[in-house]
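One chain, chain A, links the two complexes that follow: it is found with chain B in the first and with chain C in the second.
Our next item is the complex of A and B:
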């Protein structure tokens, strides 16, 4: 094995304390409460990573499985979003949902065109079931997925006049990236996928519509079937790098540098594009714990809302939360286009910041439409009626893993003191609202 | 229960928010050496790649008829533009403007080495650059950030559409302000007295210049949001528009644009997007519906602009990242292509057909060859409409087109 993603040796390279545990749990999950962070520190880095990867849903699994049935009723977007958000909020295996979210953004498919909520749900189940395995197997399964076959018109791709939609995006957005293939590759790949149709809600190889003549794609002659195109694309050296960059953007940095990309791509290739094995190396690496990445990513709207709902342990109307994340720029099951969400700076606009602000207020003060009702007095505990500094410290620990800028902290402390220590839950809610409205509260 | 307080943003700003809005369309005249501040460009982006051949249709050309069997538009489907060329009937409100000499159609617009990736071609159009790595700023944002347009209290550029802020509207100082619905200009400040004080406190959290580039972007955008949204809210409140817009998102977006304009916001450009043009399959009905919504929305918008007395100070430009393949595919759709027409609407334009129609007997790998570089359209708008230096803003000189009728 190469030295790509060299391990983070606790002691030599730094500690595994609260800050490191919080970083790991934010990135591999949806953030954690202080007591969970303490447990992770006590268990140590290796055991914490294994627990994250073990993916044990415990007793919740049966309950979670049942929720898919709800989706079949009607083809509306909000209930579908709500069911998935409910899983993210409740799960004990957050990495699985985080991976499903990554693949949903990568193989970005929208209900707007597919128009069948059940098919969208099946695609999500596919991301969930296969998202941690070998990327090649995932890509092939997606190529045969009914929602994808409708989304990129595979289901009407005929040998008489091939439809290039899926073939182009497979090469440009799913496996290689622009510049690694030519127009001829798109045209020939499209011929390979002719006859990949849908019948009775399942993948169907329609032999009569399939172009059986040999094709040449990415320098390989004699290709026949779409499955071979996926194999050739996934085996292309550009694929490991292209997909590793997506892993880094999801788990490490909005704009990873060249060294991080090269290192992660090398590890991903060494692991045969196995996501699980690569993530283990990533989460145990020096690169992952580099201080410059910590609280430097802009949280995706779904990630941000789910994290706050988990941290504050509030109930909520999840379908309404789905609509809210849409206003923040991330509507689950309805990405803006087949490229998915750009993330990073693209999350930031006046419109999306106002939407984040509305959610912060709804969480702080309670909101009928969103169904939120945080018990601030309970969450603040003994800090509830104390001085401003104590209260702000407690809320900052709980909500943003202590990630406040000094100037923000000073302002909040002064505000909390001006409200008076006897203010009760209203005072805490006001401080929490301002805290969640600070620009750095959007960082993870 | 939380109190929702419209107008919070105004409170948060204190005195700064009371910057006077101009009376309806009483634009400031430009300083002698600067860009025109009394001129406005409305950008309508047909996202996904519009089938230009089925918008400005060479219905009489046998090669068109041969390439399009399922998707052919005949004489009955168009309104006449020239011999053998017609505008889709769905765009009837635009055809009325064509007959009045207010619609200019630039034919065969594209660029050398056309890229068939949506995302790459969108970047090329939005940045006006063919450099292998796209610049990080958009062409219209670069205009908006000129010091003579970006005066204090002025909002040069607004996006009235959902989705990402388009690259065309991202400048060196961040994204242009964006909103999609009037209701978005609203923030809850919680129950009880002291809401204004909390609003000021909230605005203060966006102050500060230290920290990472990401944090600075968040702060700067938050500060701009507080400043700009209050002005937009006032403009919307002062606006007068008709109710004749189609329900589709493009109708809502153009209605908001008309509200900002008629409400007296000092704008130089406004960006609107209509999604759905990526018609790889079963194109006929989808495309017809999109064009009908577009025609109706632009018709209503133009009526409001005329009613506001601004028809000679507004130009609308309608374009797409590429056209579509001449030969339809087996899914009754069309794949990604190249050149397509650009439509321009306004009373200051020379109406009619401009540029050479692309030839169907001289295709480039199945696609139309461009006859006019899109940057020539941009250069014309920058030089002759805004009186701003196009070579500086586009990074190179481009031949201009005789599009602008006069310079008042």
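Our next item is the complex of A and C:
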């Protein structure tokens, strides 16, 4: 084993205290309440990581998952979004859902064109089932997925008129990135995928439409079939780096540096492009706990909303939350285009910030449309009637893992102690609203 | 009283534990149940000569009331709750038993315990005392604000004094600063003043309440004077019009209310939604022009009846534009259909052609796009014919709509989510044969549109069929049984079809329902009619609704979780409760009728007959 993703040794390299546990649970999950962070600290780093990698989602999440297919039959977007969001909020295995979300944005497919909610649900289930395994197997399964075949016009890819859409995106967006292949590779790969159609809602290899002549793709001769193209692309050195960068952006930083990319790509390749094994090494690595990467990501809208719903333990009208995340720029099952969501700074615009502000207000004050009703007095506990500093400290610990700049904290404390804040539950709600509107609240 | 106090102490301990620790009070409640006196002493009539009082409590109300209400015998009903069949039925419901295991149930018990602790008597007795033998209430406008006057005739002076003492105790015990109430003396009467908005005192066994000191003085003076006085004309009229044994009578002087506060008595005479206008246009108009509105509630065993009457003065009948509501035909019998597995059946006197012609006066401009769309869509469906000129004139009144649970008999793969089957039935006029052809064409066109969508989704299309049932020709579409394509899951609920039976045209979402309606409409001896004078009638079938609620349990629960923000447990409880409620319902109907010179909106809910409760059947609960 190389030095790539050298392990973080607790004690030698640093502690595994509340801050580290919070960082891990934010990145590998959807954040955690203070008591969960305490439990993680008590269990230790290794045990916490293993728990994150386990797939026991719990009864409530499993029940929601089971209802997804039923909801999908209605062919409506918002309820389907609601089911997935509900699963994210309820799950005891948040990493599994985060990976599904990652692959949903990576192999971006939209209901807008697929027009069959059931197929979109099947694709999500595929991401859940295979998203933690070997990347090559995932890519092959996606290539045969009915929703993907409709999305990138696979069903109209025939030997008499090859359609290059899927082949191009496979190489450019799914495995290698720009600059690692040529036009000829795209054309030949497209020929390999001819006859990869959908019939009766399932993948169907249409032999009549398939170009059976041998092709050359990425320097390999004699390829016949689309599956072989996937194998060749995944085995290309650029693939490990390309996918590793995606993993880093999802779990470490919006803009990871070259050293981090190289280190992670090496580990990914060593692990045979096994996502779980790589994530295990990543979460246990010095790189992951490097202070440069703490709060170095802007939370995606879904991640942000789910985190707040989990932290505040409030029920909500999940379908309406799905619509709200769409207004923030991330509509589940409906990414804007084949590139998915750009993420990072792209999440921040005047329109999306307004939408986040509305959600923060709905959470703070309760909202009939979203169905939220946070019991702030219960959450604030003994801090409810205390001075501003105590109240802000409690809310900051609960909502943003203490991640407030001193100036922001001082302003919040001043407000909490002012007459304008009011009293009782109203005061807590107002302080919470302001806190959630601070820039630090967007960072994970 | 001592037994009540002792019981209160026990409950106080249990209540404190329950409130503090969230523990269930079930064992405590069971003990209390066994030790419960049949009736608290405070509710028993006392011997001795009572203070002179007005003969009719309602005569204490002022004559200038805008709204009057009278509740009779509610106190006795409340006192009988712990021993009544309604309680037994509630506690026997599976959903209630499930509710008993939830934290809200424990909170409910704790709340009841608190009320009993403070009230010093069992909650049913307290409620009975508050509602009294009769309760009257009026609201008048004074100084630009509504002013309340109310009186309760309790069992005796001690009961009235006890309730007043309760108010005093609550005020004294409140931690609010300033206190929510105070004590005062008005003309020798001790009163509790609540938030400077309600003055409460007692004269003899009559508990009095008013919205101002001045009103209370007037009320108390009348109560002290006693004797016989006239009842306010508004209430006298309501009593005269009310059914015998009404539990609640009320009347609203809507004409005066509209003059004093126009915004509070306003009805949309031009509606934005065409179907809203079609359904309620006449009701809105009559409500807007009504001088008095009267209501009554009757509880007759296991049947609840509510009646709201809008007297329709002969001097101002509905304008010509309202001819589509066919009030002129009210005397004619109104047929109704009741297929097996009935979920909902309805009939309305509506002339579609007249509605279309006059919709400019019944609907606002905002409705025009909807009318344009209907014209376009239905014109296409009927092969380019004009909806207003060719189709609607063929449809006479009444219009029937029915929903029924599907049996899916003979269907190999019933859908996971089961929709009810629905059908429209119209009485037609004009050339029946020609309209029958148009209807068949419309069905074929509709199926063609569905099939175009199916082709895009690569799912099974409908296959057209033309068959006969009891000599009646049916045209429709059904899913084939031997097609390898998957079916769109929801479409397994449908086999759209239409038929013509005598003067009736039927358009149904399923063959099964269409055939049932053909059977019913073909057999004159099976004809059913609504009560005389009905203009619109809607009836729910509880048994079939309960069965459907069970079949669609998972879909209903998921919908509640995803769309309504409920937890899984809450959603399951809600679904089970709805199913139980449906199962307990024998019949429920809503109707508008013209009778006795008035326009009535009637609601009736009858519980299904049950065997009398036995002591062994009483389980858990207060």
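Basically, the second predicted complex is superposed on the first by the 430 of 444 C-alpha atoms of A that agree within 3 Å, B and C clash if a C-alpha of one lies under 4 Å from a C-alpha of the other, contacts with A are read in each partner's own complex, and residues count from 1 in each chain.
In this section, a residue touches a chain if its C-beta (ideal position, glycine included) is under 8 Å from a C-beta of that chain, and two chains touch if they have at least 3 such contacts.
Just so it is clear, the model here is predicted, and its values are computed rather than measured.
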Since both structures carry chain A, what do chain B and chain C do when superposed there: clash or fit? fit
First (chain B), second (chain C), both or neither touched by A:318: second
Using C-alpha centres in the superposed arrangement, which angle lies between chain B and chain C as seen from chain A, in steps of 10 degrees? 90
Just checking: does A:389 make contact with chain B only, chain C only, both, or neither of them? Give me first, second, both or neither. neither
So, does A:329 touch the first partner chain B, the second partner chain C, both, or neither? first
Who touches more of chain A, chain B or chain C? B
Between chain B (first) and chain C (second), which, if any, makes contact with A:201: first, second, both or neither? second
Which partner chains sit in contact with A:82 here, chain B, chain C, both or neither? Use first/second/both/neither. second
Give, as a whole number of angstrom, the minimum Cα separation of chain B and chain C in the superposed three-chain arrangement. 12
Footprint overlap on chain A, comparing chain B with chain C: none
Note which residues of chain A are touching chain B in the complex, please. 152-153, 156-165, 168, 172, 178, 183, 186, 254, 296, 298, 327, 329, 336-339, 342, 344-346, 348-351, 353-355, 357-358, 361-362, 364-368, 405, 407-408, 411, 415, 426, 429-430, 433-434, 437-440, 442-443
For the complex, give me every residue of chain C touching chain A. 416-417, 456-459, 484-486, 489-490, 554-555, 557-559, 561-568
What residues on chain A touch chain C, complex-wise? 60, 63-64, 67, 70-71, 73-75, 79, 82-83, 86, 115-116, 118, 198-201, 315-320, 370-372
Within their complex, chain B touches chain A through residues 1-2, 47-48, 115-120, 159, 162-165, 174-175, 177-180, 184-192, 198, 201-202, 204-208, 210-212, 214-215, 217-219, 221-222, 224-225, 228-229, 275, 278, 280-282, 327-333, 335-336, 365
